[in-house]
Amino acid sequence: MAVWKGRERETMPHNIAILGASGYTGAELVRLVATHPSMRIAALGADRRAGVAISEVFPHLRHLDLQVMARIGEIDFSGIDLCFCALPHATSQSVVRDLPATVKVVDLSADFRLRDPDAYRAWYGRPHEAAELQGEAVYGLTEFYRDRIRAARLVAGTGCNAAAGQFALRPLVEAGVVDLDRILIDLKVGASGAGRTAKDHLLLSELSENVKGYSLGGSHRHLGEFDQELSGIAGRPVRIMFSPYLVPATRGILLSAYLRGEPEAIHRCLREAYAGEAFVVVLPYGGTPAMKDVRGSNFVHVGVVGDRVGGQATVVVALDNLVKGSSGQALQNANLMLGEEETSGLMSAPLYP
Amino acid sequence: MAVWKGRERETMPHNIAILGASGYTGAELVRLVATHPSMRIAALGADRRAGVAISEVFPHLRHLDLQVMARIGEIDFSGIDLCFCALPHATSQSVVRDLPATVKVVDLSADFRLRDPDAYRAWYGRPHEAAELQGEAVYGLTEFYRDRIRAARLVAGTGCNAAAGQFALRPLVEAGVVDLDRILIDLKVGASGAGRTAKDHLLLSELSENVKGYSLGGSHRHLGEFDQELSGIAGRPVRIMFSPYLVPATRGILLSAYLRGEPEAIHRCLREAYAGEAFVVVLPYGGTPAMKDVRGSNFVHVGVVGDRVGGQATVVVALDNLVKGSSGQALQNANLMLGEEETSGLMSAPLYP
Amino acid sequence: MAVWKGRERETMPHNIAILGASGYTGAELVRLVATHPSMRIAALGADRRAGVAISEVFPHLRHLDLQVMARIGEIDFSGIDLCFCALPHATSQSVVRDLPATVKVVDLSADFRLRDPDAYRAWYGRPHEAAELQGEAVYGLTEFYRDRIRAARLVAGTGCNAAAGQFALRPLVEAGVVDLDRILIDLKVGASGAGRTAKDHLLLSELSENVKGYSLGGSHRHLGEFDQELSGIAGRPVRIMFSPYLVPATRGILLSAYLRGEPEAIHRCLREAYAGEAFVVVLPYGGTPAMKDVRGSNFVHVGVVGDRVGGQATVVVALDNLVKGSSGQALQNANLMLGEEETSGLMSAPLYP
Amino acid sequence: MAVWKGRERETMPHNIAILGASGYTGAELVRLVATHPSMRIAALGADRRAGVAISEVFPHLRHLDLQVMARIGEIDFSGIDLCFCALPHATSQSVVRDLPATVKVVDLSADFRLRDPDAYRAWYGRPHEAAELQGEAVYGLTEFYRDRIRAARLVAGTGCNAAAGQFALRPLVEAGVVDLDRILIDLKVGASGAGRTAKDHLLLSELSENVKGYSLGGSHRHLGEFDQELSGIAGRPVRIMFSPYLVPATRGILLSAYLRGEPEAIHRCLREAYAGEAFVVVLPYGGTPAMKDVRGSNFVHVGVVGDRVGGQATVVVALDNLVKGSSGQALQNANLMLGEEETSGLMSAPLYP
């Protein structure tokens, strides 16, 4: 809920805390919550920038009259209805563990995505500090966990790449229309997926006019999510191939899943799976979306095209990594957890061009 | 008003027509109106793309259930409350002339910005086809023409560059705190300012990693607006210097006005002028905005910095040419003309990064 | 050979004509030939821009003292040693047919790449106008056709995407170390690959911050070259899957070939194949190049990485579509045809960042 | 001199050391020297990356067979003819001081640009550690210090912005055709001007689709050079106004000097001043260059346009900050210091598009 002059409210808004407000997903939450009709930002947490106005860090929020960012330990959570944790991986688990049990939590880090402590340790190279919560956390891919999310206290936001891939694959694995042993994903992602960390390879001078692979060969951590989720659906181990590439864009994911299966059956399966979804648009057969088609929005566009090689299909998925891939998804989940309409505050059209 | 499932309405929405829907400012109007709480898109006009779904032309609007675009001559305007004309310059004047007098009009072209037919002919190289309306049209810079816009039937949207410049200059010329004979503007603008026309110099291959001046030396047509408006305020001819540059960005204007005058007085003057404005943010003295600070939003950020050379100040203005510079401004005006709250549907925060 | 003051020559340079000088590959040839130690630009042809100085069309060539562009029909080819044809597809065939037999020709269009008239008709949708030359033309992938190119009168430059793919695949198909029925290529290419044609989807406003597939599903014309060349090597039909994507960059190709085969054997095979090549660099096993690593140069970088899924490898190839993918390759071929050192005028390092 | 196979040499090349090889200007020197016909890279220094191959840091140099980077203190300078110091500001002065007197030096840092120790202290906030060399160093703007550079042992490369500005201003100040008290410069520069330092505001996510001023109001350090040089020419203090802006590009400067003076006289003055220069191109009156016109090259393009406001002119200068603004300029100076032709190794045309 924004704080501009003349704004009026009929009902009591939900009090929202956003931890990690000085990062990209945190700022994106502020952007979205600021105009949400039934939420109100009650606290902003950012340990390293405590005492600083968020507009110092994110000048695009200058028009909002917001709290100064505070140390997380100094936030009074007694009146908070729901807390978004947009903290770095590994930092989140102990923070979430220590929050009052009365506060609902949507965690955007990787900390609660994997239910199995061993899988967590394998992919993240360290033991989990709140293993007791790993089982409780509901995986936050709203379209597939809607009922459990409504009842959850702790929801784990998905990886942005993992979200994009699952929009392509889940209905197909469920329906058994693709060869599970030959799923290959090539994904193009903008730089904001790596956060606001000042690293050499994320400099405009390095990434402009460039494309580069990273974590090729099956080493990307989001594979942990793919393994857990797809194997769960299939009822047997599924190990996909996954190759992500950084492209010279800020936001956005364009994912291509190359699949063995009948292209039109694949298209039909996806169209039916998403028929009732407000945020997922399946294109007519043969059409594929572009990355910018969903920029800045919570929408997902999905297209299917057959190949000249028989029995081979390409499913292309576009989503905005900072919205549907993280903060928008988080707000969609929060809407459910707070009894609001799922689409509330999320129907803004993409920004184009 | 969007058309998604479950949307509910308490009151009758205003019926809106958007002409020129296949251009960038037209599509931007669709984006904004689609989530406006009290407007409803009733007709989309686009002569050259008549019969085509807007999502064919603008895939980012795929999620909306909208009318097929129609020939303007075939639109039934009887139930239309307000019509946005986002047509090319020179095309608009005859279309507007022929609209029913009951329809309120916000015209986004250059056709009704200049009140003086001779000035129009001088800057646009042709006589006006609806000269009788030139005097009636209200200049659409909302913050300065608010009362007249409320009562107007025809409002002329401003040039995007002219809007940016006037946010810097109008209060200063009014207050007499700058030397009127030494106003120099250097403006950086993204490619969308030139529309969606496929011209060589707007290709990514040409403009990427490039910056180039255009209409340098005082030949840019928006100078007609500067001359009309600033001279009107000053009560004597004012002729500024104005140099625009294309930069490798899609949206946005960053304007620097280099001025003779006392920097802190200039800052104070601007801060006071915009104290009550919802969309104009004046930064603390010494701070200046960046182009992306307002991306995708209706906000204007203004900063002032003094120079080591005494009595010299730089005023920097950032706005989004497609929102505050055209379609957002148009909606702001439409709100006033329809008796809605001025900020309605326009408070979304900028998209960053 | 450039034409600046003080330049001295010991031997008679080769006289070079460049047809299609007003396009990107034509301008790139001018750039490269201008500093070639034993070539001299003797004629520039461009029918639509006849009578215009090339610096009017390409201001980056302002420092060169070059001929005005002429109608091709008005060029005197009597003293010309070699002619580069950088004309649009389908235009080139009749022009080349009509050149004097004494002039060596490097054609950069698609017109002479396919030896089989039926294949040409199938991929390009029209009969060939110089079918008698189709058989004579040597396919211009220098590293694999070196000896035949040396003796050729007519060399057909390869498709830029086809070149990139063949650098990955030829040695592997030859050595039989990959499954020929499961070759899948995902390619990212900058906008200049589509030339300087002003099309909507190549505008900076459209392509900036965007990625979009085109000719997905096996319809890209470069597949004609893949089919011809790979089947020729394998001695049986090979039909690969090939999916290209436009990325927001001007120059460059980054190609990923996803292959069934032993990754280290694949790496060894490529390292050995390119051991003596001046322009092809094979990275140590596990490393992969980025698109910008070769920007503006005639170099090709090749890397191989294995996948967590056993028996699966990814070969990544980077090259500059306008240099190694067309004009640099053309000059490399011209060097051989004129008895010059193959690397002459081509050893400039990539431009980075 | 490159180190590829088959390269032949008639004469003994000059032995070149490059210190600071792991930065952008260092890598740019490697790129340029690698194909210089009479130079040979004999040592690469980079304290923090000592022991590392330069291709690890700059993969675009993979094709070169170069020395591993060494600690500067461990380099044997006995056979070195000329040393380029591309070290950070303030680091360079003590390194240069300690080099053997037999080694010629081109320093690319800011350390020796200001002859006056007090001016150095004022602009750089610290005393100079090699004040005795400050007077000896020759200011490296080749076109204006050619004779002194030929005889110099130590040449101080200019600031890239300062170089661009002086190409516009020096002949005009010398000729007295502009009002010295009303010189205003607005400069657009790509991100590489700030080096390879991983700072937040240089991230692609931050700078893409953005433009932002920095060091506005007369606080940019290159003003020390402007003050020194222009005052020296004018014979009285000259204090210009200078406002630089970061644009979303990697390389390049586009500078606009807004001047009081007769536009055609200004154009004539510049055209005459640069008539014999190999690297400076003055456009016909009324034309202005774009930033990308000189990308990757040592050329400078200069244009002049008059304003509708009488007696007011705009001079637009384009140069590549990493070439003519630093490493190319450095090589041009080194050519003179070593008795080579000034243009040697520097005539490559710009890379466009």
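Labels A, B, C and D are assigned to the chains in the order they are written; within every chain, residues are numbered from 1.
Keep this in mind: a residue touches a chain if its C-beta (ideal position, glycine included) is under 8 Å from a C-beta of that chain, and two chains touch if they have at least 3 such contacts.
Everything numeric here is computed off the predicted structure, so don't read it as measured data.
Looking at chain A and chain D, the chains that touch each of them are B, C. Comparing chain pairs C-D and B-D by the number of C-beta pairs in contact, the larger count belongs to B-D.
Distance from the centre of chain C peaks at B, each centre being the average of the chain's Cα atoms. Centre-to-centre separation between chain B and chain C, using Cα means, comes to 45 Å.
Inter-chain spacing, taken between the CA centroids of chain C and chain D, is 34 Å. In terms of their C-alpha centroids, the spacing between chain B and chain D amounts to 40 Å.
Counting partners per residue, chain B has 24, 190, 192, 196, 205-206, 208-209, 248-251, 290, 292, 295, 353 as the residues that reach two or more other chains. Note for the complex: chain D touches chain B at residues 184, 186, 188, 190, 205-206, 208-213, 216-219, 223, 239, 241, 243, 245, 247-252, 254, 256, 258, 286, 288, 290-292, 295, 305-309, 312, 314, 316, 353. Touching chain D in their complex are the following residues of chain C: 2, 4-6, 24, 27, 30-31, 34-35, 58-64, 192, 196, 208-209, 250-251, 278-279, 281, 283, 289-290, 292-297, 299, 301, 341, 343, 347-353. Only residues 24, 190-192, 196, 198-200, 202-209, 248-250 of chain D touch chain A when the two sit together in their complex.
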